[in-house]
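Next, two complexes with chain A in common: one pairs it with chain B, the other with chain C.
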Partner chain A sequence: MVDVAASVALQQPSRWAMGFRRGGARLWVGGAIVAVLILVALLAPWIAPHDPIEQDLLSGQLPPAWMHGGDTAYLLGTDSLGRDVLSRLIYAARVAVVVGFVAALLAGAIGITLGLIAGSFGGWIDQATSRLIDVWMAFPPILLSIVLAAVIGAGLTSVILAIVVVDWTRFARIIRAETAVQLQRDYAMAARVIGLNRGQTLRLEILPNLVPLVVTLLAVEMGVAILVEVILSFVGISVAGDTPTWGGMIAEGRQIIYQSPWVMAFAIGCVIVSVVGFNLLGDGLRTALDPVQRR
Partner chain B sequence: MRWGEIIKRLVLIPPTLAGVGVIVFVLLRIVPGDPIAMMIPPGASAADIDRLRALYGLDRSIPEQFVSWFGHVLSGDFGRSISLRQSVSELILARLPATLELALVATLIAIALGLAVALTGVYFRGRRLEWAVDGGIGVFLAIPDFLWALILLLSFGVLIPLLPTSGRIDPQIDVSFRTNFYLFESLLRGRIDVVGALLSHMLLPAIALALPFAALIARLLKASLSEAEDQDYAQIARARGFARPAILLREVFPNALIPTIALGGVQITLLLGGTVLVERIFSYEGIGNMAIDAVINRDFPLIQGLILTFAVLFIALNLAVDVVVTLLDPRLRHG
Partner chain C sequence: MTAVLSIQDLHVTIGRGARAANVLRGVSLEVQPGEVRGLVGESGAGKSMLGRAVLGLLPADAWIGKGGIAFAGRDFLTLPERERRDLLGRQIALIPQDPMTSLNPVKRVGDQIARVLQRHLALSRRQALQRATELLAEVAIRDPQRVLGLYPYEISGGMRQRVLIAMAFGCDPSLIIADEPTTALDVTVQRQVLQLIERLRERRGAAILFVTHDLGVVAKICRTMTVMHAGRVLEDGETADVLTRPRHAYTRALLAATPRADRPADALRPVPPALIESLWSEAHRLDRLSIVGRT
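Entry: the complex of A and B
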């Protein structure tokens, strides 16, 4: 017995390493995109060529530098107020990253806690949580976010809250089902037999087995959160005023879609690259960490 | 999903809808914006404002307002829209057909595309084309409908202006139809000109809604097809000399269909929820577009009515999918 335990312990770190190798191209491409996104957000003041809110009305709606009439000072052109599109895109990454990470982690914390409780206690607690999820699933999610953001008012906190309140069910539903499944497994039974109580079983046995699922869900949810922020900005109820956001740029770009379609196109491009990045990362992590494929 | 389960689900519908009603109602009552402030003319006296407030019941306590509103909802009366000053039920019923037709056309496009892609992917299993199909499915799944809507608007509305990008039909076409199901009615009446105009307006928003759903169908169906093709009966058919396309279509496909409907069917609700933004982007006159206006105008009765309408549609669709799966799957039918 001692030998087996020791050899398993020795394999532990290499399991993760092997997983990351198995995650393949998706994991690396997704990870790279997300890493670049975070770097751009962090370094925005140093890499942006202009002040994102500085207006230059004399050079409004300039096309990108390589197009006819473009100006090399404004690499991706300017919007209708003469603001530098590239700098705005770079600064907008900050809102996207903050919303993505904070909203996903909060929604995850709430959803995972409720899912674990419902899945492990069963009975009326499970029933109550499931009915609550039913009610939530009956809402059109986008409309609910829009109503919430409108209710709470403009601002970063409002956007994050709107996402958390809508999306906690994504975690709760899956974690609840998975907890119930894991508790039926032999190893969970064994944990009860050797005298662990419910809390210890959850913490020591069930939770470690849910980690791959949780990591994957979080990565995907970060992409979703970025999208919801874009949607709210697009509808006009996101972070206030001058703060550049991709959704806001899409909405502004739509007003001048016939004169300067590139404003909208570049903003859409940024959103797509980020969302695809988070999805690839989630997919890659799922393959890399999946306990079934690990064997 | 056995029949017993379905009955249990039916029983849960009224409490679920009541829950949706309570949440929307309470949420809207803590809004800082005042709907009355948006409808009064400048210079209205305090007495006028109070009278309006009383007219819309906004002077009473939240529980009182809820009981009164929900009582009326049960009898089919959703109240009056504050911004449009019409009955909410009439407004929704007038716009709902446009959304349902759009969602239906989008679903049909998604099914056709998803089937074609899945069959192509499975046919080229193990070859480079399968890899390309899988990659394509991944990208199309990751990009949501409203981004497709913007991409399509940019490509086929602006860069290569092929299709109309706004509205449901050209204003000069006369549609004095009996119902607002323009597409169905023009098809029944044989008004080909109207059908063409409707479809050309519907095409871009419908494709935007269809693409992510098509990718989902393709992924689910392709996985089920691959699994089914490895089963003994398919291998035996192959050994007996049947051509692979014939086996795929006649033997494998029917068996792969049930899991695809069971897992993918519920996602129609996502497509329906997506109409909110896609309709907005293409100025399509459905209930989704109306909902955003209602939020912007703080039109409480209209928002409540619209959210309940979506909730009813979502629940009905989920139930319909369960019933279809139960009918199709012999193991459940006799279970």
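Entry: the complex of A and C
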């Protein structure tokens, strides 16, 4: 009997494997979409069939290859200047991925730090931080980003900065509340009783309990950042004009929507799929990492 | 011989102004080295608050109006924060009330025990884990190596309480505050845990302040006991004396309300409401007197 029990215990899957199983389809689908997105961005120069800014005015507004009049050299057709839509979509993914990751991580770093401080110190520090967040969130976020990007000037850095400056509040507000809740828990009190100071308690005991929340927030924020970048480039205050972006493609496609709707449609599709991908990934990770559901 | 813990005329109030509530109204008690003192009283008597005052864990809006707490002859209230943290976990440890919530849910058992040891004993991680294995064996956990790698949700309530006891005794403290350590456990496990605390105390020689509302537990393991009500000490003495020849009417009433195997169940009497009433009005009269005295 004992031997049987022992061998069963040995065959138990690892915690990672169990986590992935718990995450379910959302984790897999979201993870796959995000992985493909990152790969495409990294490998853009090798997988894009054409130079994204190379114009071929003789074959402008070609439909996708499978439609009547399409050309197999341009799988997803061309835009009004004869640039290959597929290649432009692939190169635009680079901007999206860089903005998504960098902006989300920076906004997360700032928001989590402030949230931890506000949630653990309480008192006037908490009051000041919370009021600041309230005031910040009273501005319509997209509008604030547009104003900021317009003021700082175009370019990748200013797009990222505009998103970080607006979106740190998403993290700060939630982390502040959750930190305060966790500090009320007995284990946080037990940490103080063994002689840990405030910083050690936060870093060693509280933060690990916030990981599922942080991961979810980060994944969702990456989706949001991509969306904001699309909007900024749609109104023309994102990166330099000759760098392909999804937002820029939507803006260009809008002018020829009756003749060649695919230019706009494919770009919008890319945006939707990647935002959905990040949200699914965040959702799946939350389930996979949640200690309460580890039973 | 210096008392390991000496509390003199301790007054603690929660809140200020009109909403202020006195929770401790001049408590004095001493715990000698190696002594096990039971601290009994009904809910709201202030016994847990006393334990929290000693550990420096009073709620944020509670304040000490008067009195002193000395640990091994050193004034604990004026001790710099850093020195007090060095004592917590090292010389003064807590066995918490609820084993289900007092361990960090996302940290392995071994890491949590090792954390206390590393914090105070200048051990390497490997040494701390080695020591943790020995401690777990000492609290009668079978297969300690395996348990070290488990998360708290993977072990039973009785085992969690043993882990917490192992942590409390881990640095060989001279005082342990046990805050109703058996209340959350079922009766058979209670008995094992009591025996365990008793055995470890004999071997390692820590003094214990045993907070409980269970007179049976006090009779079993405490040599001396203190009876509290409404934030005051009503009676204090050797357990055998207090239980056989109670001097205060409240203690007598408590004993009459305690079920015993050698008495028929219908001999049980609730504590008379008139007695409780008179005790509270006495406490409130003292409050008024002290306010008059202060102004």
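The rule we apply is simple: the second predicted complex is superposed on the first by the 277 of 295 C-alpha atoms of A that agree within 3 Å, B and C clash if a C-alpha of one lies under 4 Å from a C-alpha of the other, contacts with A are read in each partner's own complex, and residues count from 1 in each chain.
In the analysis below, a contact is a pair of C-beta atoms (placed from the backbone, for glycine too) under 8 Å apart; a residue touches a chain by one contact, two chains touch by 3 or more.
All values derive from a computational prediction rather than experimental measurement.
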Chain B versus chain C as contact partner of A:P45, first or second or both or neither: neither
Contacts of A:Y187 with chain B and chain C, given as first, second, both or neither: second
Which superposed partner A:I231 touches (first chain B, second chain C, both, neither): first
Chain B versus chain C as contact partner of A:F139, first or second or both or neither: first
Partner chain(s) touched by A:V275 [first = chain B, second = chain C, both, neither]: first
Per-residue touch tally on chain A - higher for chain B or for chain C: B
Partner chain in contact with A:N197 - chain B first, chain C second, else both or neither: second
Those residues of chain A which chain B touches in one complex and chain C touches in the other: none
Chain C contact footprint on chain A (complex, rising order): 122, 185-187, 189-197, 204-205, 208-209, 211, 291-292, 294-295
Residues on chain C engaged by chain A in the complex (per definition of touch): 55-57, 60, 85-90, 93-94, 96-98, 101-107, 115-116, 119-120, 151, 153, 164, 167
Interface residues, chain A side, partner chain B - complex: 131-132, 134-135, 137-144, 146-148, 150-151, 153, 223, 227, 231, 234-236, 250, 254, 257-258, 261, 264-265, 268, 271-272, 275-276, 279-280, 283
Complex contacts: residues of chain B adjacent to chain A: 12, 15-17, 19-20, 23-24, 27-28, 30-33, 138-139, 141-144, 146-147, 150-151, 153-154, 157-159, 272-274, 276-277, 280-281, 288, 291-292, 295-296, 298, 303, 306-307, 310-311, 314-315
